[in-house]
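Everything below concerns the one structure shown next.
Labels for the chains are A, B, C, D, E, F, G and H, by order of writing; each one numbers its residues from 1.
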Amino acid sequence: MTLKKDPLIQPLHPIVHTRLDLDRLRRQGLPETVFCPGKTQRQLLDIFRGLTEAGQNVLATRATPDVYAAVHRKFPAAVFHSDARLITLDIVPLPEPRGQISILCAGTADVPVAEEARITALRMGARTHSIYDAGVAGLHRLTSVIDQTALSNAVIVIAGMEGALPSVVGGLIDKPIIAVPTSVGYGWNMEGLSALLAMLNSCAAGVTVVNVDNGYGAGVAAARINRQVVQAQGMYSNE
Amino acid sequence: MTLKKDPLIQPLHPIVHTRLDLDRLRRQGLPETVFCPGKTQRQLLDIFRGLTEAGQNVLATRATPDVYAAVHRKFPAAVFHSDARLITLDIVPLPEPRGQISILCAGTADVPVAEEARITALRMGARTHSIYDAGVAGLHRLTSVIDQTALSNAVIVIAGMEGALPSVVGGLIDKPIIAVPTSVGYGWNMEGLSALLAMLNSCAAGVTVVNVDNGYGAGVAAARINRQVVQAQGMYSNE
Amino acid sequence: MTLKKDPLIQPLHPIVHTRLDLDRLRRQGLPETVFCPGKTQRQLLDIFRGLTEAGQNVLATRATPDVYAAVHRKFPAAVFHSDARLITLDIVPLPEPRGQISILCAGTADVPVAEEARITALRMGARTHSIYDAGVAGLHRLTSVIDQTALSNAVIVIAGMEGALPSVVGGLIDKPIIAVPTSVGYGWNMEGLSALLAMLNSCAAGVTVVNVDNGYGAGVAAARINRQVVQAQGMYSNE
Amino acid sequence: MTLKKDPLIQPLHPIVHTRLDLDRLRRQGLPETVFCPGKTQRQLLDIFRGLTEAGQNVLATRATPDVYAAVHRKFPAAVFHSDARLITLDIVPLPEPRGQISILCAGTADVPVAEEARITALRMGARTHSIYDAGVAGLHRLTSVIDQTALSNAVIVIAGMEGALPSVVGGLIDKPIIAVPTSVGYGWNMEGLSALLAMLNSCAAGVTVVNVDNGYGAGVAAARINRQVVQAQGMYSNE
Amino acid sequence: MTLKKDPLIQPLHPIVHTRLDLDRLRRQGLPETVFCPGKTQRQLLDIFRGLTEAGQNVLATRATPDVYAAVHRKFPAAVFHSDARLITLDIVPLPEPRGQISILCAGTADVPVAEEARITALRMGARTHSIYDAGVAGLHRLTSVIDQTALSNAVIVIAGMEGALPSVVGGLIDKPIIAVPTSVGYGWNMEGLSALLAMLNSCAAGVTVVNVDNGYGAGVAAARINRQVVQAQGMYSNE
Amino acid sequence: MTLKKDPLIQPLHPIVHTRLDLDRLRRQGLPETVFCPGKTQRQLLDIFRGLTEAGQNVLATRATPDVYAAVHRKFPAAVFHSDARLITLDIVPLPEPRGQISILCAGTADVPVAEEARITALRMGARTHSIYDAGVAGLHRLTSVIDQTALSNAVIVIAGMEGALPSVVGGLIDKPIIAVPTSVGYGWNMEGLSALLAMLNSCAAGVTVVNVDNGYGAGVAAARINRQVVQAQGMYSNE
Amino acid sequence: MTLKKDPLIQPLHPIVHTRLDLDRLRRQGLPETVFCPGKTQRQLLDIFRGLTEAGQNVLATRATPDVYAAVHRKFPAAVFHSDARLITLDIVPLPEPRGQISILCAGTADVPVAEEARITALRMGARTHSIYDAGVAGLHRLTSVIDQTALSNAVIVIAGMEGALPSVVGGLIDKPIIAVPTSVGYGWNMEGLSALLAMLNSCAAGVTVVNVDNGYGAGVAAARINRQVVQAQGMYSNE
Amino acid sequence: MTLKKDPLIQPLHPIVHTRLDLDRLRRQGLPETVFCPGKTQRQLLDIFRGLTEAGQNVLATRATPDVYAAVHRKFPAAVFHSDARLITLDIVPLPEPRGQISILCAGTADVPVAEEARITALRMGARTHSIYDAGVAGLHRLTSVIDQTALSNAVIVIAGMEGALPSVVGGLIDKPIIAVPTSVGYGWNMEGLSALLAMLNSCAAGVTVVNVDNGYGAGVAAARINRQVVQAQGMYSNE
């Protein structure tokens, strides 16, 4: 039993684990985003280095304080947005925010998802406007603020539990609406399935949905819409 | 291969298939109800005969036109409520309706469930009041009628798709609310699971739920509440 | 890499995260309730302060000992009901309990849910009566106590595992029954789905259901019914 | 386009589709049973012929009237048990029934499953005793008959909807209990999942379960137990 | 047994079943849409009459040939779009189509959903462009046409089975993308759940999703986006 | 804010939380069993005291080392069976084991469930015989031992993953078979659903099933069968 | 109401619904296969014409007799394989079958899936060998034939119900194994989920799985393996 | 209360818990593999000893650092592959790798599964080739490397989220493809169900699937195919 470690089985070389898509900024208007779960700290640091050496800003989602501590040691300019569980590291200026996206959320517990959406959209060049704690169990909290969405190009609506808010909002306004179910709940909701199914079955026509707790996806989707509108304005305004 | 039919295996004698719970009227305030699916026409006719011979009215749920035709041939006084899929056969007078129950439903496609609830409650002695097509995608249709529930002892709220109506109603009034999810929907709703989960996860405290499409159960539950209130009034009013 | 933190991305100001529904006491007979999970301690303390400054009592559900410790430091009058996982903070007298609600539960492991229901109902002005460990596997434990529900306006029935208790109770009495499934179980029950489905499919007509482990919702629902009855008595008794 | 049918692709020769397990009678005490769904009439007739030519009786489950008509044309001695959806064809005498199995069922709609269990057990040599319509919503219907199971070696308990009956029975007697969930229900029960989950989560220790509507399986399982007991008696009684 | 029909139980008067939301055209830019399933022919005809008498065009979804036959007898100008299962009845001119929406679908079996989306969007004033049979198993079919979406304001991507198409498209272009899962499949896909889950979990950021087979919802969502862009262009172009 | 603790809200008195079913020993042949999860240590100690003061032995399931430590301090005679997660405390002699039960399990990881079954059955008076690691992927491991079940009155078969073992065993022997699925697995098995569904759908007729990981239930069920057989032998053997 | 049909809404031109992937034969070794469900007869005929005009053979899956009748009228050389629900239309010679694939299936009801696999593999150039009705409930039926797979390059194993056969086969031989679950079952199996989950959780290492009832996919997968082996032999044998 | 521990209840003797299948190496070409979860450290050490004493190498899957520490103390030659969560202990030389398997994975988070597959296949004698981070959202990352699979006998394709990669790969090449879904995801994916369902429903014919995160199973399956091809080559090349 004195066999050596099998030479055929090499540890994976660090530079082969990820092949960065540096072209994504050109193709889609935002750099490749780093999804933290499932990656080792070493892999994450490699990716931060790769992106910044290529001259691109970094957005990392679902980051924990531990991950941030490791990143911050190597990249002191990195910022942790703890509500939104995001790390950002900017080496080139962000675009000037233009147009507008409204973000409504039903309850205080939905705020982390809302913040993830807000910061993502901001980084893609959209001005944002947030309205929190507007759940349907107190309709006046909603009806008193709904007119504030009138100048927005898209509206993100976030709710957990029964996920009714997008249906009510969808019946009141004619904007593009992106619904985000959250996993907030009181009993059996299968980690957000109740709100997800409700939003997919919304009786308000034209509501579209992203996955449970996916504030990042909602932010990107709204920013894609916002960019179309801003570009359209630009065609006629010399911008 | 000339064996006879095995004498051990007798066909089931018709009178053994059901043992009527004739005491239920005394114990619970309504006679045993006949659930039609899964019973043969012969079994159903036996049950109709058994109940009426015992001097009790009959309420049969989820009846098809075929079942009604068979019943009607033997019991010409039987009535078919086609919207509600109910057969009734009354040989003693129904109780005078008292108190009040409101029935709200979100869309026209929910009407069969609403009618099942309405007729069931009526037969248990509750006066009813129906408001149809009050879905949340047009909030003004709801807010303009919600005050009509002010004199009711219980409110039944029926909705399919995302099942948001009970949450909105639950936030506006302080009455007992019984939510009924329906299987009406446009895509993947797992035969009513979307509305069922939404109602179970309602952010409006105090909403209770019955099973999908179960108008009958909602009618009985509301009538149980109504009876408590009417009896309470009676204690002090010589009724 | 000397960029400053992007000034566009401000931390969320604490006063925007929640918009208290101070009107709920008038509209629904109980103040806004605080659901603790998903909220930071800072947000919770802000809400406690907001409600008490508005002259309203506080009920916070699903509280942990840690949350209570933080609340207690700022609000020494706050009380922790550890069985029920509730924090209460009262600055105005509670209503005098009237009427009656019975609370039956199947096993000792269901007690936390039962306590959550009991304290919630008490705070909404209902007198309560608890019967614990009355599961169907020992029927005599149930039949020997069922008559104690005769004076109640509503009966809350709590059970885990196969959730059979509401069906048996529902066949014995004619009161409004609110069934609460719990997540207690021995094998594959999908976190309470077994009891939830059983109660939704109860063969005892008129049983209504709240979500798994939702003692709070059951307490509110029963108190809504109790209030209807008490008010009805009051119409005729000069109260 | 005048190609002939490809000679490589032969239709399946009828004798290769099934390889009868004629040894099963010796190994397990009952001949191979024919499950009709998914088999063509031609395949079924081949199997009937194969078994009878080998001198074995035939039991075919889930048979439709159409299947029976086809079988009856070829095998006039075949008997159709329409309640139980079984076809039997006996060419050797059945064993004399001995011991006893009780079969309880909750509602009239569960009768087809009960009959499938009864006839299956009879054919494996068990005497049977049936009690129908003993659901838990009228407990007196159950308690008045439960003593009739005292002489049985096993008890089959059949129920749909919330599937509570086995738990109640399991708490009253100390016999082996085989629970059979049925797909009977009023709303969302996922084709019997509600009763299945309830029975698997029964708080009455020692309840075992077969699949939804599987009266055949329950009959075999009970007959296996019954045979053990009868054989044990026989060791000491010269049988 | 000579009792008359109970006078308390009136058939529902036809005019109470639906309360048309005639204000929706102003609020949301399209008239109320009629969802056919679950409505009787009499109810449908009442709704067609109500809308046209109010001067609004009619769009009815999920219509069968039978429904169309009944509608056509009363309203000869009604048109049946059989691929899309839609009935339209126009009494005022439709808006002139402007802007552009691209509709990609993966396979021929997805065409009905694509047609439902196309006609819905057209009626809301969007010009459309369809590309069929561009599934990912033959990538060249997709890459050869993807540039045709360059002038569109939104892209609808429709796929069944594994639902991979939106992820691939989402990685190639920067437009707003609305993914529509369909129930097309070869084995266990739970009526479209496979494609639905895939699209909700898309690795391409910014993809939003509507419910399974919900071409109507996708059409409205895309038209909402298209209208924002067209209006933006209009601000600067005197339209 | 100097309010005192509300006198209406009393902590639950310890003696009301549980009502012991001391009659169960007579009715079912084993004392009430204590299911530990969800009970506080104080409640558990009360129950241990209550049962022993009534002269009954104690069997507590799903116990953790912490629970045992607390129990052991008060009841030094209590024994912890760590493999089986059981605590036993015996104050009267156990019955002499008679008859026989075989316990087969597929893999080493299934041993805890097997031990729970074994000790439970032993305490109910059944002699047991264990065969471990007899999974179907090495058939010879099974076929070489199957004959050892020939003298057993019932056979418990335990398996995780695909749960195939009961089907293979069921085809080889004619004994009563109780299948126990376990939650052991390598990928997506939904906490034992794969094995549970497999056993419910076994092609070997007469296999009955208990819930996932429910060794206790299997032990009771097998002991119920064993007792029937032993009693039958006794009728003829002067025992 | 004299409006004409809206000229904007053209019926879909038949030639745009499908874009044939005529290159697939070169890329993957088989022509594009036609999946019939969800396509109109007109679309199917267009596809048959398109493929044959391009000189390719046609394989259409999940065909009904109605579809075949329509195809046969236009293409008299088309062949219907009714067991397998396949239509084939060959205008060029099929490849000579080489190598070998074994197809085992558990029960007679699994034969349609087995035939679909067999004919698909044959058309891709694999010689096949079928063994039917080898289920695990009669192990000798399996062990007596397993050696016949010794010369095969891949083994397809088909089973419904508990899906145990691939685990047993996987433990006996070292060949590549492709497991196919079928939807055959007796109770609650969720349309094949029981067998699917069992096969995915097989304790026999190296079993791979295709979707429920997907004989076509299994045939292609096995033929891909067979081709690799045949080509390897060819490298050294001048073929 | 001075009773001794019941002598009937012996702790399980360590040597009975596992019966090693030492014949597996001969039958299937790899020794029995040790699945760590659910086994105690004592059991694991016993198994390591048993296998090595029989002269077989050990492969243990899903090992934690704690397990490795315990193993390493007793068996210093044991190697921990932390990425792959594998322990290997070799006492005889591994086979020389021959043939080739390609391993593609979609994202960096899928690397642990890929490494588990790679090392498993290596140990069974297959040469491997890994390509990481080739997800479909950046198609050029895939198309630029796909030709590197041209010399492989089988291709393992690993992806989480929507699991689209195998469909795209399956449309580009004609090799045997084994798809491995992973549990990596951003929202509601039910622990990998999204990718699992997508791969089972792949529109690319001939893709086979193993369970979620089951890199080990994929490695064995691919090595089984590779061995067939290598053996075929050998027949003609004197190897």
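Note that contacts are C-beta pairs under 8 Å (C-beta built on N, C-alpha and C of every residue); 3 or more make two chains touch, one makes a residue touch a chain.
From a predicted model like this one, the values you see are computed outputs, not experimental measurements.
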Copies chain D and chain B - interface residue numbers shared by over half, same or different: different
Magnitude of the superposing rotation for chain F and chain H (Cα, nearest 5°): 90
Distance from chain E to chain D - Cα centre to Cα centre, in angstrom: 48
Inter-centroid spacing, chain B versus chain A (mean Cα positions, whole Å): 45
Cα-centroid distance, chain A relative to chain E, in whole angstrom: 27
Chain B residues counted as touching two or more neighbouring chains: 107, 137-138, 171-172, 186-189, 193, 196, 200-201, 205, 210-211, 216-217
Pairwise chain contacts, counting only pairs that touch as defined: A-B, A-C, A-E, A-H, B-C, B-D, B-E, C-D, C-F, D-F, D-G, E-G, E-H, F-G, F-H, G-H
Of all residues in chain H, those that touch chain A in their complex: 52, 75-77, 79, 81, 83, 88, 90-91, 94, 97, 107-112, 115, 119, 122, 130, 132-134, 137-138, 140-141, 184, 186-189
Partner chain F, residues of chain G touching it in the complex: 106-107, 135-139, 143, 161-164, 167-168, 170-172, 185-190, 193-195, 197-205
Chain D residues within the chain F interface of the complex: 27-30, 33, 153-154, 171-178, 196, 200-201, 205-211, 216-218, 220-221, 223-225, 227-230, 232-233, 235-237
Complex contacts: residues of chain G adjacent to chain E: 1-3, 5-6, 8-9, 11-12, 16-19, 21, 23-24, 35, 37-39, 43, 47, 62, 181, 183, 191-193, 196, 210-214, 216-217
